[in-house]
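Below is one structure; the comments refer to it alone.
Chain lettering (A, B, C and D) follows the sequence in which the chains are written, and residue indices restart at 1 in each chain.
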Amino acid sequence: MIPGLDQGEESMGVIGGIDPRIRVVAAIVFAMAVVSCRDMAALLSGLAAALGVLVLARLPVLPTLRRMVAMDMFVVFILVMLPFTMPGDPLFEFAGFAASRQGLMRAVEIGLKANAVVLALMALVGSMSSVTLGHALYRLRLPENLVHLLLFTVRYIDVLHQEYLRLRIAMEARGFQPATTLHTMRSFGYLVGMMLVRALERSERILAAMSCRGFVGHFPLFDAFRIGWRDWVFAAATVLVCTLIVALEIA
Amino acid sequence: MSPLIQLSGIHFGYPGRPPVLQGVDLQLFAEERLCLTGANGAGKSTLFQIAVGLLRPARGRVVAFGRERLGKADFIEVKRRAGLVFQDPDDQLFCPTVIEDIAFGPLNLGKSKDEAKAIVGDVLERLRLGHLRDRITHKLSGGEKRLVTLAAVLAMEPDVLLLDEPTNALDEPTTERIVEILNALPQAMIVISHDPHFRRKIATRTLRLEHGVLDVPQPRCSHAASEGE
Amino acid sequence: MSPLIQLSGIHFGYPGRPPVLQGVDLQLFAEERLCLTGANGAGKSTLFQIAVGLLRPARGRVVAFGRERLGKADFIEVKRRAGLVFQDPDDQLFCPTVIEDIAFGPLNLGKSKDEAKAIVGDVLERLRLGHLRDRITHKLSGGEKRLVTLAAVLAMEPDVLLLDEPTNALDEPTTERIVEILNALPQAMIVISHDPHFRRKIATRTLRLEHGVLDVPQPRCSHAASEGE
Amino acid sequence: MHIVDGALSIPVVAGGAVLAAAGIGLGLKRLTIENIPATGVLSATFFVASLIHVPLGPSSVHLIMNGLAGLVLGWAAFPALFVGLLLQAVFFGFGGLLVLGVNTVNIALPAVMVHYLCRHGIGAASPNRAMLWGALGGALAIAFTTAGVAVALALTGNEFVPAAKMVFFAHIPVMAIEALLSGAAVLLARRVKPELFGALFQEKSHA
């Protein structure tokens, strides 16, 4: 299993007991609230709220925080550049370039928002299995074909990842060590190409299996979602927290 | 008694490849558990696909459930009544959860959602797999996947079973479990297997596919002599 | 004479699974053809991966080519000198054509393109596979794939061969071919095989992996009594 | 190249969401129910490919392969790559939630553009020519993606412009890597299974 993906099947904890649809909507509402703020106190309480949800979701804390902090290198680069590219009151100088207070604040603001949203997303939605996510999105009226595409993708990620690992091991056994060389790029390209070819052939077998079971153009989706009083309590709490964050901003 | 499935003089080759089947004759009668063996690439899986109409033979006749089957429409009924279990369970378990996968067939046969659910419950109970009902298919172990693909096919209440290496890469307890299940099923079946010990436990008859034709196998090993009839 | 490969007290288990190897001892000497057998899932393929450092044992020592091997760097030389042929050729063949696939190993060893080509030609000729040189790997037959994976490993000029079920359900002519090739090779080798007839034709010694340890096998089959020493 | 939440202005985020929804809608419209298994399995393959780290000097980059995805999937690349980005955001914390639309457009629109620019070249009689077109597609897709990211940042505020320019130039080696990999992948597929490009997702305009 790929670390991170699908760790939350039948996850327990308070969050695990909440209806998946509510969790998805809560993540979106929370993200909107946090992103609309600029005030430090509001953003910090947003991050604190996300940390609280993380604890309630019983996800492994350290790996999740590590994932939260990890960003694309180019985002990190842009954040580091901001103090120097944004005009404003000079704060300090580095290698002859002046850094502005406004730029620094902007970078911190973006960092806080990004981390709070991602953390809440992982805790609320990442703590359900990808299949449950698919079912929830279907019930939230995402197009049916998109949901089936999502479910087919998650169904085969693990199968193909295992295939990839076996091929990689076999490559290593023949002395392959990735480096920045043409040989490496060609080998990786062949690897990806071969996996695509096999994926297509597998999909032909899947289609054959479907026709053997009388496929008539529809995939079943069963779920047992039911909204109870806990879910309403959780929804109310989410609205309350988001209101508080926005109130801090306005104040 | 007339055979449930009868293949005669089947010839087949994949485009641009040497021929795979060169005159296969096969008859399956009620209550038989016919085992097929043969080297990798001999064409065993290909033969199954021809029997249910996924592939069309270059020459030869397929008679199934009392009628010769020719066009695509003819084979719709054959696919329904002959439950084919694929060699790789990952090719067959394509729905996200076990209950959805097993219900896939019955729903396609026009059952309502509730009827389908009842069938799923029933099949899982018969195979003592009730605990797997809501599990996510891609997180099942290899043995569990195998058993669920079997359940998914049984849910369609087929008259004949075609099993492609059902014990491939299974441990001994799961293999035993499958032996038990198969021996208890009323359906006639054709089972592809490389494992002589497994074959000995279930087969009422064994054939070997070699050089494109089916033949009674020559025992090579003293303990294999008890195979066949 | 000191062994080429020596494993002592190897313990291993995959995370979250019962232990697979529980104190395996094994020595391979020059010119030996040591056969390993054992049930499905006994841990034979796992043992090979440990021997070349693709997996790290929980406990136990790996001594290869006269030195104990500990870190990742140590095993680079082992991987080069011990040619591992995988159980499923499809796990090993990823280049479009046979010539490219066989050249992959020599190129990894730092050979130039021309040197690699010369090696490929040479290896294919030795195995009498010259006609496959420009074929598409993906479209080879099962037996041809097997022979090409063997050629790909021989192209690295290993000192020792580790072959995982090289005749797995191949037809008899191809099996005979492999017997011939293996018996003509100068390298010491460890060969995993379920087939007693094949083992009898090539083995100088046979061991059985059972309950996580290696042992001299108890013959179950009359003709298998001649196995071992 | 996943932008995070909080960096972009609200109009940019909203515009990205609308464009992404339109693209996904167009992709889904061309996707018959029989094509969903193939699209899903290929989408899973691209997801796994994105886990491959390719060494770049002392550091490493992970693959995007959106050019190749466009060549293989056509418009279906939009929903397929959206699914991948959604999974990465939810389970790996990579990217963000509200910016999912912008990120989808930045990754998937170049895929579709490459599809129209290079698809005919992939069908060239000689596999080597096809490889060159594949390489071009791989490089173009990354160039377009980086340009898309730069545009999104520039529309948000002038303070991002210098960084966006530098990001573009910093990605030139990545373009080279993706070009080489996509070229090799196309070469392999052309020799092994040319149907990978075409049969399944035949565009109406090509048919």
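Criterion: contacts are C-beta pairs under 8 Å (C-beta built on N, C-alpha and C of every residue); 3 or more make two chains touch, one makes a residue touch a chain.
Predicted, not measured: the structure shown is a model, and the values here were computed from it.
Of the two chain pairs considered here, C-D and A-D, the higher C-beta contact count falls to A-D. With each centre defined as the average position of its C-alpha atoms, the distance from chain A to chain B rounds to 41 Å. Spacing of chain A relative to chain D, judged by their CA centroids, is 18 angstrom. Shared interface positions of chain A, defined as residues touching 2 or more other chains, are 6, 151-152, 154-157, 159, 187, 190-191, 193-194, 197, 202, 206, 210, 218-219.
With touch defined as above, residues shared between interfaces to two or more other chains in chain C number as follows: 95-96, 138-139. In chain D, the positions touching at least two other chains are 37, 187-188, 192-193. Taken as a graph of touching chains, this assembly has some other topology, since it is neither a line, a ring, a star nor fully connected. Pairwise, the chains that touch each other are A-B, A-C, A-D, B-C, C-D. Considering their complex, residues 1, 6, 9, 129, 131, 134-135, 151-152, 154-159, 202, 205-206, 208-216, 218-222, 224 of chain A touch chain B. Per the touch definition, chain B reaches chain C in the complex via residues 17, 39-42, 169-172, 194, 210, 220-223.
By the touch criterion stated above, chain A contacts chain C in their complex at residues 163, 166-167, 169-177, 183, 187, 190-191, 193-194, 197-198. Contact residues of chain B toward chain A in the complex are 49, 52, 54, 76, 79-80, 83-84, 86, 88, 90-92, 94-97, 99-100, 103-105, 107-109, 113, 116-117, 134, 136-139, 152-153, 156. For chain A in complex with chain D, the touching residues are 2, 4-7, 27-28, 31-32, 34-36, 64, 67-68, 70-72, 74-75, 77-78, 81-82, 85-87, 103, 106, 109-114, 117-119, 121-122, 125-126, 130, 133, 143, 145-146, 148-157, 159-161, 164, 178-180, 182, 184-197, 199-204, 206-207, 210, 217-219.
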